[in-house]
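Some structures to go through are shown next.
You will see chain A twice below: alongside chain B first, and alongside chain C after that.
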Partner chain A sequence: MTMLDLPGVPVGEAGGTATQAVAVPPGRRRGKGLRPPSALAVVIFILLLGLVAGPTIMVFVGALQSEAPGLPNNHFSWDAVYRVYLSGQFYGSLLGTLGVAVVTAALSVVFGGVAAWFLTRVAVPLRKLWEFGLILPLFLSPFVGALAWLLLAAPNSGMINVNLRWMLNLPQDAVLVDVMTLPGVIFVMLLFYVPYAYLFISAALRNMDPSLEEASSMNGRGTFLTALRVTLPMMRPAIVASFFFVAVLATGVFVIPAVLGLNTSFSPLAVEVYRAMTVFPADPPTGAALGTLLFWFTLAGVYLYRRSVKNAGRYVTLSARATRPRLIRLPVGRWVAAAFFAIYFLLAAVLPYLTLVLMSLTPFAITDLRKVELSFAGIVQVWKRPDVATAFGNTIVLGLVVPTVVVLIGLGIAYVVVRERGRLGAIIDYLGTFPIAVPGIVFATGILWLYVRTPIYATVFVLVIALVGAYMPQGARFASAGLIQIDRSLEEAARMNGAGKLRMLFTVTFPLLRPSLLSAWTLLFVFATREVNEAVILSGPKSRPLSVLAWNYVEQGSLQQAAVVGLFLTVVMAVGMLFARFVLRAKLDSSNL
Partner chain B sequence: MSQTIANPPAPSVRQAQGASLSVENLRIKYGETEAVKGISFSIEPGEFLTLLGPSGCGKTTTLRCIAGLEPASGGTISIDGVPVAGPGRHVQPERRGINMVFQSYAVWPHMTVAKNVGYGLKGLSKSDAASRVEEVLELVGLAKFAKRYGTELSGGQQQRVALARAIVTRPKILLFDEPLSNLDAGLREQMRFELLQLQRAVGITSVYVTHDQTEAMSMSDRVVLMRDGVIEQLDVPREIYRRPASEFAATFIGRANLIRATLDASGTRATADGVAVVSEDRYDGEGDRVTAVFRSENVLLGAAAANLENRWSAAVTRVMFLGRNLDVTLALPTGSIRAEVPIDTPVVEGASVEVGVRARDVHFVAADD
Partner chain C sequence: MDSLHHDMAKELFVKDIRKVAATALAATVLLVTAGCASDPGSSSGETPASAELTELISAAQAEGELTFYGDANETSLQQWTQGFTDEYGISVNVLRLPGSQLAQRFEQEQAAGQAQADIFSIADRVSMDKMVDAGYIAEYTPAGADLYPADQSEPGYYYPLQNGYFQTIAYNTSTLSADDIEAIQADPVKAAGDPKYSGKVGINMPQSSQQIAALYYDWTEGDASGTYGWPALEAIAANKPLIQSSATLVQSLVQGEVSIAVGITDSLEFSYVQQGAPIQFVYPTPTVGGYFSDAIVASAPHPNAAKLFMEWASTPAANELYTQITGTAPDNSEVEDDRDIVNQDWYTAPDTSQVWFDFISDPAFLEASSADGDFLQQWNTVFGYSG
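Moving on, here comes the complex of A and B:
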C-alpha cells in the first residue's frame, strides 16, 4: 500500500485544520522530476534502508544459515529452507493458518460491514456509545483480551464454566464454552479485527453521496433493496480492501493463538516461528525460513489489498454538498441492532476487563464466584518483584520513544512522498509502507540477525529499533493524510515571505499537522506499549516490557500473576491515552484513525 | 467603450519602487509535456503587467516560475538585471525579494492576523516590526482585526491579510495568482479597485495572473495574452481590444464579430460571399485569407448605418432586451453577427435591416485554419 492511495481518508476532517479547500491548478501537483533528490529524501532513504530493508533481508539471510546467529561454526545451508518448504512438516500448519485467516477476515467483514451500515444509516439508539464501543478494541491489547478470555472460558477452570456448573446443577466435567479451540481462537480474533473492517466500511459509507441512495428510493426500492442493490455494490472496494487487510493481520498474529494454547491438530505458523526461535532446542534458521514462508502470503495479501484500494478511487462519490444521509427508522431492527452492539461491547471490553480485575484481586486464581475472597495481596506480591519494576521502565521507554521517533520519521517520509515526489520519493513510499507486509514476529527474527553481534543486543534499544521499523507505515500514513490536506500554498506563502525550508517546516507545516501527528502519536503509544509479537523474540531478562513479562507468566501457567501484570499494562495504556486525550487534546475517533 | 479614454499615466511617471523583471525564452517542462514553450517579456519598475489566458495556457506556471516555486527548464529570468533562474541557476524563492498573493489567500490558520502579516519581517526590532504590521494593516483596513485568527475572517478580509502580508516585506516584485477568483462578484469588483489603488500607492512592480478579461483590462498597464504556453499578444489593454493580433485574441477579449474573407490587392478591403468589408488599417500579414474583426457595440443599425464605409443588408433573427441595450443577432450571407444597439432602435425579428460599421472600427487578422 502506498500512502497516496489509502481508502477512507475523510477529506476535511482528519487534519482538523480549517484551511480553505481550493482547486489545485493544473501542474501544481506534478513532480519536479528534473531536480535532484533533496537532502531530506536522502536521509530518510538511508534510515529506511536500515530500519526496514535491512531486517527484511536478514530474515532471508537467516533462513540460509545452519545455526543460530553469532555462532562460530555457522555456515550457508539450505537445510532450514528444505525443511520448511519441501519436507511437508509445516504444510498442515500453513493451510490451517491461511484457513483461519480467511475465515476471520470474512466474518470480520460481514460483522463490521453490517455494523457500519446500521451505525451510518439507521437511527440506532445510543449510536455514539456503540461507535465508541466498536473502535475501543483498537486501543486495547489483544494479548490482555486473549488472557482474559482464557480466564473466562477455559474448558475446566474458566469462570463461565465453573460458575454455570453450580448455577445450573450440571456435572463437574460439563464444558459449556471452550475458548481453547479453533472457533474460540477465531472468536477472540474477531473481537479485535471487526473494528478494522468497521473503520474501512463506515468511512466509505459516510463518504458516499446520499443522493445515490435517495435516487433508489425515488425509483421505488425499499430500504433493504436499496442497501442490497445500490449501497452494497458501492461498498465493494472497501469490503475487499478490509478483507485483505484483516487477512494479513490474522495470518501473522501470534499472541492470540499462543495464549489460548489451541489444543488442536495444528499451530499457526507464527506460533511455529516463536517455537523455533525460543523453545529449546532453538532452531533460528528454521524460524527465519518459516518467517519467509509466512512473508509470501502476507505480501500477496498486501498486494491484493493495494489493488482493491486503488480500484476504490473509481467509486469515490464525495459530493460538494455535505448532506448527511437521512436516517432510516427501523422500528424493531434498530433495537435488535442496539442489542447486538451491546453484546459486542460486553464481550470485547466489559467482560474481559472485569475478569482481569477480579482475577487480579483473588490471590489463588479461584474462579468459583462462591469462594472468591477479594484481597490486594496478589497485586502487592507481584508489584514488589524486581522484574516488574524493570518491565515498567522498559514499557515506558518503548511507549515514549517509539511513537516520538516514528512520528518524526513518518513526517519526513510524508513530506518527501507528498511534496517532493520524484523517483526517490516513490521508493521511499514503498519502503515506508513495506512493514505492513511483514508480520511482527518475522520482522523480529530479521532484527535479531542484524543486531546479534552488536552491544545493543538484548537491550531495550533493539526493541525500539524493531518497533520503529515495524510501525513506520502508521506514522507515515497519518502524516501524509494530514499533509495532503494542507494546501500547498500555505507553505509556499512562507517561502515567499523569506522563510527557508526549515523555518517553513517548523512555523507552518508542523503546527498545522499537529492534530494529525498527535493522533498518530497516541495510537503508536498504544501499539508500542501493548506489543508482544516482536518483543517476545527480541527482549532479554533486562529488556522485557510488561507485555512480555505477562506472556512469560502465561507460559509458566501462572495465570493470576499474568492477570496482575496485564492489569498494570492496561493502567499504563489508559494513563497514556487519557493524557493524550485530555492534556494534549489528541482526537481519537473514527474520522481520524 | 469605443470612446477614447485618457491614457493612464505611464508607470515611469508614477512613483515607482519596484525592480525591473525580464523573462527571456522561458521554458517549463513537466516530464514530457511542455507547459510554457519559450516566452519572453520584460516589465519596467512599477509597472502592472497581467498574464491573461484560458486555464491551462501556462500563465500560473510562468508566475510560479518567477516566484521560484517551479524550476525553469530553459531560458532565464532576471530581476533588476540579476539572473535568478537560468542555465544551472535556481535562486531559492525566499532569496528573490519577491512576494506573492495566492489564489487561496494561504492565510495561516494557526496564526493571528498580526502574526500572519509580520511573518516575513526579519532583522527588525520587535517594536519596528509591530509598527510596520500596524501600518500595513491600517492600509488595507484591517487594523481592528490584528488579534483575530485567519479562519475567523471572511473571504474578502482574508484576501486583505494576504495582500498586507505580501507588501509588508517591501518586495521588489509583487505577484498575484488569480487573487480575486474566490470572491463573490460584488466584492470582486470592489477589491479590484482597492488592489489597484494600493499597487499605485506603493508603486511595486506587479505581475498579475487572471483568466478574467475584465480584471486584466481594467487593472493592467500591459497585458500578456497567452495560449498553449506561448504569448499570443503583448500590448496595452486598449490596443489588444482594438487591434487584436489573432482570432483568438479577438474572441477571448470582449465580444467580437468575425467575417472570414479574401483580401484584395489594396490590403484594406476584403470580400466573402458578396459581402465587402473595408478597414482603415492596411493588413500587413501573410497571404490573403483574413478575418475581419469588429466589436458588436460598433455595429449600427437602420438610419444610423447610413453613410458608413461598411454597409450591408441583413435579416434580424433575434432581438434580446438586456436593459441597457438591445442585443440583436443578424444574418449575413457570411454567417451571423451580433450588434449592441440603443434600446430605442426600431428592429423587429424577421425583418430586414440596414447594417453599418465604420472602417476605422474594422481590423483584419490572419484567418485561422
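Moving on, here comes the complex of A and C:
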C-alpha cells in the first residue's frame, strides 16, 4: 500500500541524493523472501494495538449498537450506520466540511509557505522573533483565541472599534473592523493553521540543498524566478504533505466559526458529532458512526499525505554538514517583509494575549478602555479553589509523561517503518496514523468504553493512555522525518561492533535524532497541556487537568475565570518551554523538525 | 502456600484493627456528642434523631470524603459543597459535566460496576428516572424532604435540593433607553422582533439544548402558539440575529454586541448582575424551566457521607447558601427569598404556574424535536440557519 511497498519506485533518480540510496537500498528482499518481523516491530505492534487499534475498533463497534456499548439493553443494530452513511441526512455536512478543510489547508499552505520562504531565504530583520510569533498561536486553544477575537473585533462592541471611535471622534455606529464575517473567521482560523504549514515547509526549506538555487541565480535568474522555478518544485512534497496534514486537522475544529457566530450554509460534521454525543437525547451510536465517516476521508488524506512524505526523503540532503542557504538581501523587500511580520506578530500573539490578561483582570467584558477597572479578584478566586493544586499536578503529569512516551514509541515506529519496513512495518505505519483520522471526542469515548471496567479508570493514567494514542501520529511523523535524514551506515557500524538493537537505538540513533525528538517533545508538551476534548470525557473528579477547569468556566459563562486558568496554563507551558530550551537545550523552531 | 496464608491472616488482622479503631473513634464521638445533647442548655425533643444523626456524622467522617456528580455550573457546585466540608470536615470531589455526558458517563460506570459517585445530581428528570428504574439510585428520604416541591420529587429517591432555573430574554441596559426597556419588559418576545433592533438581536439555537428547543416549541407549536406562533419568530429572524450558543451569547450581550438576547438561562445571568454588568432580564410568558434532582447512588463508595450530605443539603441553611451562591430563587419552603435582586424594579421572579416543566415527557414535543421530526428543520428555515 505504501510507496515503499510498490515495486518500481525509482531509486536515486535525478534530483535524488545519497539519502535515497541509503534509505531504500537496491536489492532489498522484497516480494518473496519475507523477513520475519523483528522483536522491536512486534513490541511496537502490540503497543499500538492497545493504544490505537483498541479504541478505534471500539468506535466501530459502538457505531453498530443500539445504545452505547456496555449498557444492559444494548444490542446489535444497523440504525446508526444507515442514518449516517445511507440516509443522506449528513451528506451536506460532509461536503461542506471537506470543502472548508481543503480551502483552509490551501490558504494555510500559501501563507505558511510564503512566510517560510521569507524567513529562510531573505535577510529579514529580527527573523527569530517573527518565527516565534508565527508559532505562538499554537499555545492558545482555538476556543480561547476565538473568544479573545470576539472581544477585540466584534463590529458593534469590539475593543478596537469602541476605542478608535472615541479616539478618532468617529460616529457611534462606525465599524472599522469586523471579525464576525466570513473573511474574519477565515483570518482567525488561519492564525491557528498557518503555523503547521509553516513548520513543515520551513523545515524542508532549511534542509534543502542550496546548490540548485545558487546555480539558478548564477545563470542569471532573478530571486523570484529562482523561487518559482527551482525552490517551489523542490518544495512540492513538503507543500503537499502540509496541505493534507492541515486539511485533516481542519475537519475537526469548528469552534472558531461557532464562537464568532458565522452562519455557514452547512452544519459541520464535527458539530454533529459533538451534538450526537452531548445534547439530550444523546445518541452515542450515531456519534460513533459519524466518527467512522470522517475516518474514511481522513484515511484517504493520510494515504496521500504518506505518499508525499515518502517522496520527501528524495529531496533531503543526507549529511549533517551545514547547508545554510545564502540569504538574499532584498534591500527594500526585507523591510517590507519585516513590517508584515510585525503586523502578523501583533495580530497573532500580542493582541490575543493582551486580551486574555485583560479578561482575567475584569469581572465581565468591558470593551471601552476608559471604563475598565482592574482587579485581582478573579485570580484569587481561582487560586483558592480546593482542587486547583490537583489540577496543576495532573496537568504537569500529562505534560511530562505524554510527550515522553509518545516520542519514545514514535521513535520505535519510525525505526520499524523507515529502517525495517516489511509488511508489519506498513501496518504499523497505518496504525500509527489512525488517531489523526478519528475525532478526539469519539476516540476518547472509545477509550472510555474500553477501560471503564478496569481499575485505572477515572485516574490520570487513562488520560495518559488516551493522549499517547491521540498524539502518536505526530510523534511518529517527527521521528521518521528526522530518521530519514540519518545515514544508515552509522547504525550499521554499531551493530557490526556487537551492539544490540536497543543499545544501538539509544547510543547512536537517539543521540543523532536528539534535536528533532526534543522539538517534537516540546510541541507535544504544549498539545498535551492544552488538550481538552478528551480530558473532559475521561477525567475523574481527582484527575481533572487545568484545561478542563477552564472549559467548565467557559461553559458556565465565567470568562474571567476561564481566562485566569488560560493564563495559568500559559505559565505552565512557558515554564515547560524554558525547561526544554535551557535544560534539555531543545529549540522549538522548524530547523529540527 | 504457608506464606500466602500468613499474608492473608496478617491483612485480615490489620483490617480488623482498623475496624476496631474506627468503631472506637465513632463510639467516642457518639459519647461526647450525646453528652452534649443531654446538656440542659441544648434544645430538647430531638434526642433520638440527634443520636441517629450523630452516629451518621461519625460514620461519614470515618469515610472521610464524598464524590459529587453534577451538571449544574462548576462554581456553584464547588462553593455549595464547600459548605458541607466546612460543616463536617468531609472533603467533596466534584465532577461536573454537561448533563447528557454526565448521564452517559454515570450509566457506563454503573453498568460496569465501577463505583465512583456518591451523589448523583442532574437537571434532566428523564435521565434521573432512568437511573432509578435501573436500580442505580439508593432509596433514601432526608429529614427535610417535605420542604421541597413535591411535584419535582420522586419520594424516597430524589429531591430538588438545588434551586430551579428558567429561560429568559435578556437585554443590555447600556445600549437602551428607558422606553426601550419598558417595552422589552412588557413583551420581550415582541420586542426582540421590533425592526428597530435589526442587527442588535442575538438568539440561542434550539440545537444547543432540549430546554431551549422546548422554549421555541412552546411559543410556536405548543400551548402558547396562539399568543406567538411562528410569525413571532419570523419577526425576530427579520432582525438578522446573531445565532450563538448560551455561553457565547451571554458574552456578546454583556459586552454590548447585541442589545437583546433570546433564550439565556437565568442561572448564567445572576452572577453577571451581581458583579454589576449592565444586563437585566425578563421571564417570557410562558417560559420553560427545570430543577436539579439530587439522589444517593446505590453503589456509593461513601454511603454514610452521602446520607449526611443529603441531610445537610435538604436543610434550609444549605438551601440559603445555594441561593446566595447562585442568585436563583430558593425552593425550600422555609427559606425566604431575600435576594437583593428581588428589590430591583426590573426583576420579577418566575411564576412557576406559567412554566412548562413537562417538555421532557411530552410526546408531541419529543417527536417534533427528534432527528426525524420537523421542528428543528422549521426553525432553521425561519432563521436561515444551517443547524
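The rule is short, and it goes like this: the second predicted complex is superposed on the first by the 373 of 593 C-alpha atoms of A that agree within 3 Å, B and C clash if a C-alpha of one lies under 4 Å from a C-alpha of the other, contacts with A are read in each partner's own complex, and residues count from 1 in each chain.
We take it that a residue touches a chain if its C-beta (ideal position, glycine included) is under 8 Å from a C-beta of that chain, and two chains touch if they have at least 3 such contacts.
Bear in mind the structure is a predicted one, so any value in this text is a computation, not a measurement.
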| item | value |
| --- | --- |
| First, second, both or neither for A:498, with chain B first and chain C second | first |
| More chain A residues in contact [chain B versus chain C] | C |
| First, second, both or neither for A:561, with chain B first and chain C second | second |
| Partner chain in contact with A:507 - chain B first, chain C second, else both or neither | first |
| Partner chain in contact with A:375 - chain B first, chain C second, else both or neither | neither |
| Which of chain B and chain C A:282 touches, first, second, both or neither | second |
| First (chain B), second (chain C), both or neither touched by A:219 | neither |
| First (chain B), second (chain C), both or neither touched by A:490 | first |
| Chain B/chain C common contact set on chain A | none |
| Residues of chain A defined as touching chain B within the complex | 17-20, 22, 25-27, 30-35, 487, 489-490, 492-500, 507-508, 511-512 |
| Residue ranges of chain C in contact with chain A within the complex | 67-68, 73-75, 78, 82, 85, 91, 93-101, 103-105, 107-109, 111-114, 116, 124, 126-127, 134, 199-200, 202, 207-210, 242-248, 250-252, 254-258, 268, 271-272, 275-277, 370-371, 384-387 |
| Complex contacts: residues of chain A adjacent to chain C | 68, 70-72, 83, 89, 147, 150-151, 154-158, 180, 258-259, 261, 263-267, 275, 277-284, 363-367, 385-387, 448-449, 452-453, 457-458, 536-537, 540-542, 544, 549, 552-559, 561 |
| Residue ranges of chain B in contact with chain A within the complex | 29-31, 35, 55-56, 60-61, 67-71, 73, 92-95, 98-100, 102-106, 108-110, 119-120, 122, 151, 158, 162, 165-166, 169, 175, 182 |
